[in-house]
Amino acid sequence: MAPDTILEIKEVTRLFGGLAALKDVSFTVERGKIKAMIGPNGAGKTTMFDVLTGILRPTSGDVFLKGESVVGRRPDQITERGMIRTFQTVRLFEGMTALENVMVGCHCRMESGFVSNSLRLPSARREEALLREEAMAALKDVGLHTRANEIGTNLPYGQQRLLELARALASKPDILLLDEPAAGLNQYETGELSSLLLDFRGKGLTILIVEHDMGLVMQMSDEIVVLDYGEVIASGTPEVVQNDPRVIEAYLGIEA
Amino acid sequence: MGSRSLPWKLPVLLLCTIVAVSLSATGCGKKTVNPSASVYKIGAVLSLSGPAAPLGQPEQNSLLMLEEQLNAGEGVNGHKVQFIIEDDQSNPANAAAAITKLINQEGVSAMIGSSSTGATLAMVPVAEAAKVTLVCCAAGTAITKPVKKYIFRTPPTDSMAIDKVLAYLKTNLKIKQIAILHDANAYGTGGATELAAKAPTAGIQVVANESYGSTDTDMTAQLTKIQQTPAQALVVWGTNPGPASIAKNMQQLAMKIPFIGSNGIANKTFITLAGTAANGVSFPGGRMLIPASIPTGTEWRNAVDKFTADYKAKYGKDADTFAAHGWDAGTILTTAMKTAGTDKTMIQSTVQATKGLVGIDGIYNYSATNHDGLTVSDLMMIQIQNGAWVQIK
Amino acid sequence: MEGQLTRQSETNWRTYRTLIIVAVFVFLVPVWARFIPGDVLHMDIVNIMVLAGVYACAVIGLNLLVGYGGQISLGHAAFFGVGAYTTAILCTRLHWFPSWLGIIAGAALAGVVGWLVGKPVLRLKGNYLAMATLGLGEIAFILFQQVKGLTGGTVGILDIPPLSVFGLKFDTDFKLFFVVWALVMVLMLLSINLVYSRVGRALRALHSSEVAADAMGVNTSRYKVQVFVLSAVFAGLGGALFAHFQKYINPESFTLALSILFITMVVVGGMGNIWGGLVGVVILTFLPSVIQALPQWIPGLPSGLSNFSNYELVLYGLLLIGFMIFLPKGVAYGLARAGGFTEMRARHLRDRIKARKIESH
Amino acid sequence: MSTNDSRQVRLLWGSVAVVAAIVVATLIDKGSIGLQLILSGLTVGSIYALVAMGFSVIYSTTRVINFAQGGFSMLGGMLMYTFSVQAHLPPWLGLILAVAIVTAFGAGFERAAINPLKDKSVITIIIITIGLSIFMTAVAKWIWGTDPVKIAAFTGEKPLRFLGASLVPQSLWVFGFTLLAVVLVFAFFNRTLLGKGMRAAADNPDAASLVGVSSSTSSLVAWTLAAGLGAAAGVVIAPINFAQYSAGTTLGLKGFSAAVLGGLGSAPGAVVGGLVLGVLETITASYLPSGYKDAVAFLILILVLLVRPQGLLGKPESVKV
């Protein structure tokens, strides 16, 4: 595989009681690129995310993250290895402030446990302070630092989306999986989001994004892979994909 | 997160609890009338709820009856008598808490209770530490063995009942091999263990020793096991309703070997529950169950007749042995206080010196080495014959 | 930004301050208890407080498990019992064995048992986890009864020596009271630290959404087991103290009823509220005595009613239901809100006075 | 749905096969005594099954556990005693009255305590229902005292014998009633509009409005049904295990175990769970020291859950995400 490949999906198949949500899907994601995965509803996009992040086990096939297989690893282990996701529906932690939510994001990069924390050993305190700073930094990145102490679930929807983004970024991932980040955002917020994502890419972050907002997809992504009925029907640059007859037929066609 | 918003307020909240308590306290400070020093206070911790409630309820009844009768007369040396009764819900921890409270808070001069062995054993350390005489209504051997200075007992011990049963098996039935089926609770296990230990001395071999849960309703599994043994008789150690179920199961399985119960079924409830299956069942019981078994004209007989009559009149049901335990415990202490007053050490020594005190369960004699009061002769074997109790001579 | 950071740590600090206030308040119990006429309260407060403290150990841990970890347990009486039996057996069989060491051993063994059963059982969720833990509790109870050689069967273990630390004997309720509650305060301190730490956040996260917590790199299965073990250790600690306090134990003290009492204390006090455990313990240990004293405060109540067993449990049951209907988030939460209200009023008043002063100038 | 039903049926037969295997093994090993054990086990088991069904009725519609379910049976039994023994009413009338009263009580409680609840979390309701069972026990003790009471068997006590084993006639009544109950409950939830609606509403609260059954209604119906079922069960089993104020706790515990073992929320599951539990108890009691029989029963229950976390016939509990 090419040296600058960060994520490689190899003939991944996932069956649900007989019917296949994914049929030997294969594609790769290049480091520092924004790749979009599109397709009509039920095409298997979210299933793919679940497979990638270890929530589901592929029936067959393999997934390589930075060259090593992550199939069979627990979700938290995969996150530790530098791949983190957001969810289609916002999943902030109830009763936690925005800051605390993001601090959970940093979780996997610290190791203080029950003992050191319950005794507040210096090591734990140092870690806590560090954690707080980095979390604040992450909030600043998405411009939510002024609301650090508000309960996350009380924020307006758009900001909840951003908070989720910040929480994911706080884990300092190599690759970020976004599941319809623009869903429910208005024009302005969507614009903000895309510019945010673009300059994260500028900082060398790789992004695999599932999105229905074609405008956003076409304008942001370097590459696109199109799924339909669990199969890859096309992939390549936005231009290529846009003009692919099968895509138009299967997807854009329907849209129009 | 509540915890974040909480800081200042916990004191507020704890205060509320306390204030509530203390307010009500002062509130009722007005209500409760003269805590006159001249009242003789005796504490009682009984199992008024929970599994042992069938024991505790009648014990409480007769204590209340005794209090009424004493205070109707001249009380004890002109002092009114008050039994302060607590429920331990058949739970040892509650029993310990209750006796502590009665001694430290109510300032009782002596204690009665509890109904079950476990709860009583939990009270023992407290009574010993506070040097308060405790007369218990539980039959477990462990309570007075070894003898503890301040702990006395009214009911016949399990070992007395067991001796009675063994004697019956040996001399009346001439049986060599028995099976034991006991309740898994303290009463049943204690009895079964001791029975198994003593049987060989009577030349009897225990060929099966099974148990059942207090709330089980079908013991056919254990019984079929026993059916396959050469057991010539079945000894069941437990309290209602278990033994009744066993009797019915035996009828169902057409098991013909004799059913010998414990003093735990020395009550009419067993007959009601087991119905026809109760016939032929025999068990050790206090003589008060069949007043006729006590020679007429004797002080004891008169006491029993009066007690059973009064009890029936007051509560509308027959007095069982537990009612007798309660009554006797109360009598022993109040009698002792006639001479000892409220002096705790005096009460202990007086109770220990009790000789020939006529109770309902029997004639009580205590000594420094014997805190059990009764003897095997206060028990008899009873057989159920078409729904009625008959003494086995 | 600075401001926000300080505000965060301030919350912490205020919690500690509250803990100190509570501690002072509790340790003064023997003092203010004197001012309540004994024939009125009908309880030996110090004695009951020892029992309450012993239960508190278990309940604080259970609150971490249920309230923060979101994992239910209906079997914690088992760990309480393991702690009690461990120290009781050690101290009665080996007379040289120091009771304080027995208590540590009890807590440790409870922890080990917690780990052994927690690892498999915590894969279950919701009502199924409730059932499994309940079953474990029942199994433990039966073992306490049946392993006669070790536990003394249904008769139990008598003559357990009082707690003594390096010759210092804590043989009276009064002395024991301070030991137990000092320990309770330590446990409270530990759990406060924990809740406001990385671990606490991880637990709350997995309580709120296991999938999301997983995705954020929280090893949920490990955290579940760890907090379960922690709660088992706390319960074992309480149980061990219980044994030395009662000086006698038998299986009847560790039934399902106790497990249910523990969980009820957590819920009535306030799940996931750091003070919930304590509040629940205080309320539910004092409630029966208060209910019991009620009749003499109500004039003209039929004497039949004043018989404890006849109405106490009726009222107790109704109160449980009432608490859940009117304070589903727990009394601690409810009173916190009430307290918050009064505090707000107070601040308002202060400002008004300030304002006046300024005017007067 | 249909796939789910077929799956349930498949599993039903699977677990039936397992039980059958145990039964056969015991029969071969112990002959007529084995048969006796099985019969006793089935009797005890169907008692558990009856109580378990009450649990699954409420669970399948409201996803909560009613720890007072055993209490309903206790009340049923005690009321039967009052009507048929104390008031000398004919048994059938006593049964109707007892069931009617308890049903009314159940419905009333749902309106009074469950319906107004804002936070209907599992744990809150567990505590509420524990409160209810404490309350019912205390009231029952107040009214009927502490002694267990006897209720005459419906059709005499003369044991029926065959193949060297025997059975009390009342057992047949229990079997019959269990069968009747499971058929009715299953039919209600799978054939009637209301029942289907209630289940749909439980699976997806948003669907409630679509199927036209508000969650409030279905909760009321479920509690009423469960109370009535529990009471009837209590009446039918009373002649076998004497009615007593404290009987609710044990019945509830066993019923809960059976319901979970069979799979919460499935009426056939409740029956399978009950029967399996009952047979297991009697068989272990006969092979092992009987003191351990309950421990063994719970152990097996836990092991089953570890293998099948949703019980024998249950649907996986929806994971909170």
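Each chain carries a letter (A, B, C and D) given by its place in the written order, and its residues are counted from 1.
Here is the rule we use: contacts are C-beta pairs under 8 Å (C-beta built on N, C-alpha and C of every residue); 3 or more make two chains touch, one makes a residue touch a chain.
All values derive from a computational prediction rather than experimental measurement.
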From subunit C, the most remote chain by mean C-alpha position: A
Report the chain closest to the protein's overall CA mean, measuring from each chain's own CA mean. C
Where is the C-beta contact count highest, in terms of which two chains? B-C
From the mean C-alpha coordinate of subunit B to that of subunit D, what's the distance rounded to whole Å? 35
Between subunit C and subunit D, centroid-to-centroid distance (C-alpha), Å: 33
Need the CA-centroid distance for the pair subunit A / subunit D, whole Å please. 47
Among the residues of subunit B, pick out those that touch two or more other chains and give their numbers. 1, 49, 53, 184
Please output the residue numbers of subunit A that touch at least 2 other chains, ranges allowed. 91, 95-96
Which residues does subunit D have that touch at least 2 chains other than itself? 138, 141, 289, 291, 294, 321
What does subunit B use to touch subunit D in their complex? 49-51, 53-54, 57, 184, 210-213, 215, 217-218, 220-222, 224-225, 227-228, 240-241, 244-245, 248, 251-254, 269, 272-273, 275-276
Touch list for subunit C against partner subunit D, complex: 66, 72, 120-121, 123-128, 130-132, 134-136, 138-139, 142-143, 145-146, 209-212, 256, 260, 263-264, 267-268, 271, 309-314, 316-321, 323-325, 328-329
Can you list the residues on subunit C that touch subunit B in the complex? 11, 14-15, 17-18, 21-22, 25-26, 32, 35-44, 47-48, 51, 145, 153-156, 158-159, 171, 173, 195, 204, 242, 246-250, 252-253, 257, 270, 272-276, 278-279, 282-283, 286, 290, 293-294, 296-297, 299, 307-309, 312-313, 329-333, 335-340, 342-343
Taking the touch rule as given, give the residues of subunit D at its contact with subunit B in the complex, in rising order. 33, 36-37, 40-41, 43-44, 47, 138, 141, 145-150, 157, 159, 161, 166-168, 240-242, 244, 246-247, 250, 281-283, 285-286, 289-291, 293-294
Residues of subunit B that touch subunit C when the two form their complex: 1-14, 16-18, 20-22, 24-29, 31-32, 35, 48-49, 53, 85-87, 89-93, 96-97, 100-101, 104-107, 117-119, 121-122, 124-125, 129, 140, 142, 184-186, 189-190, 193
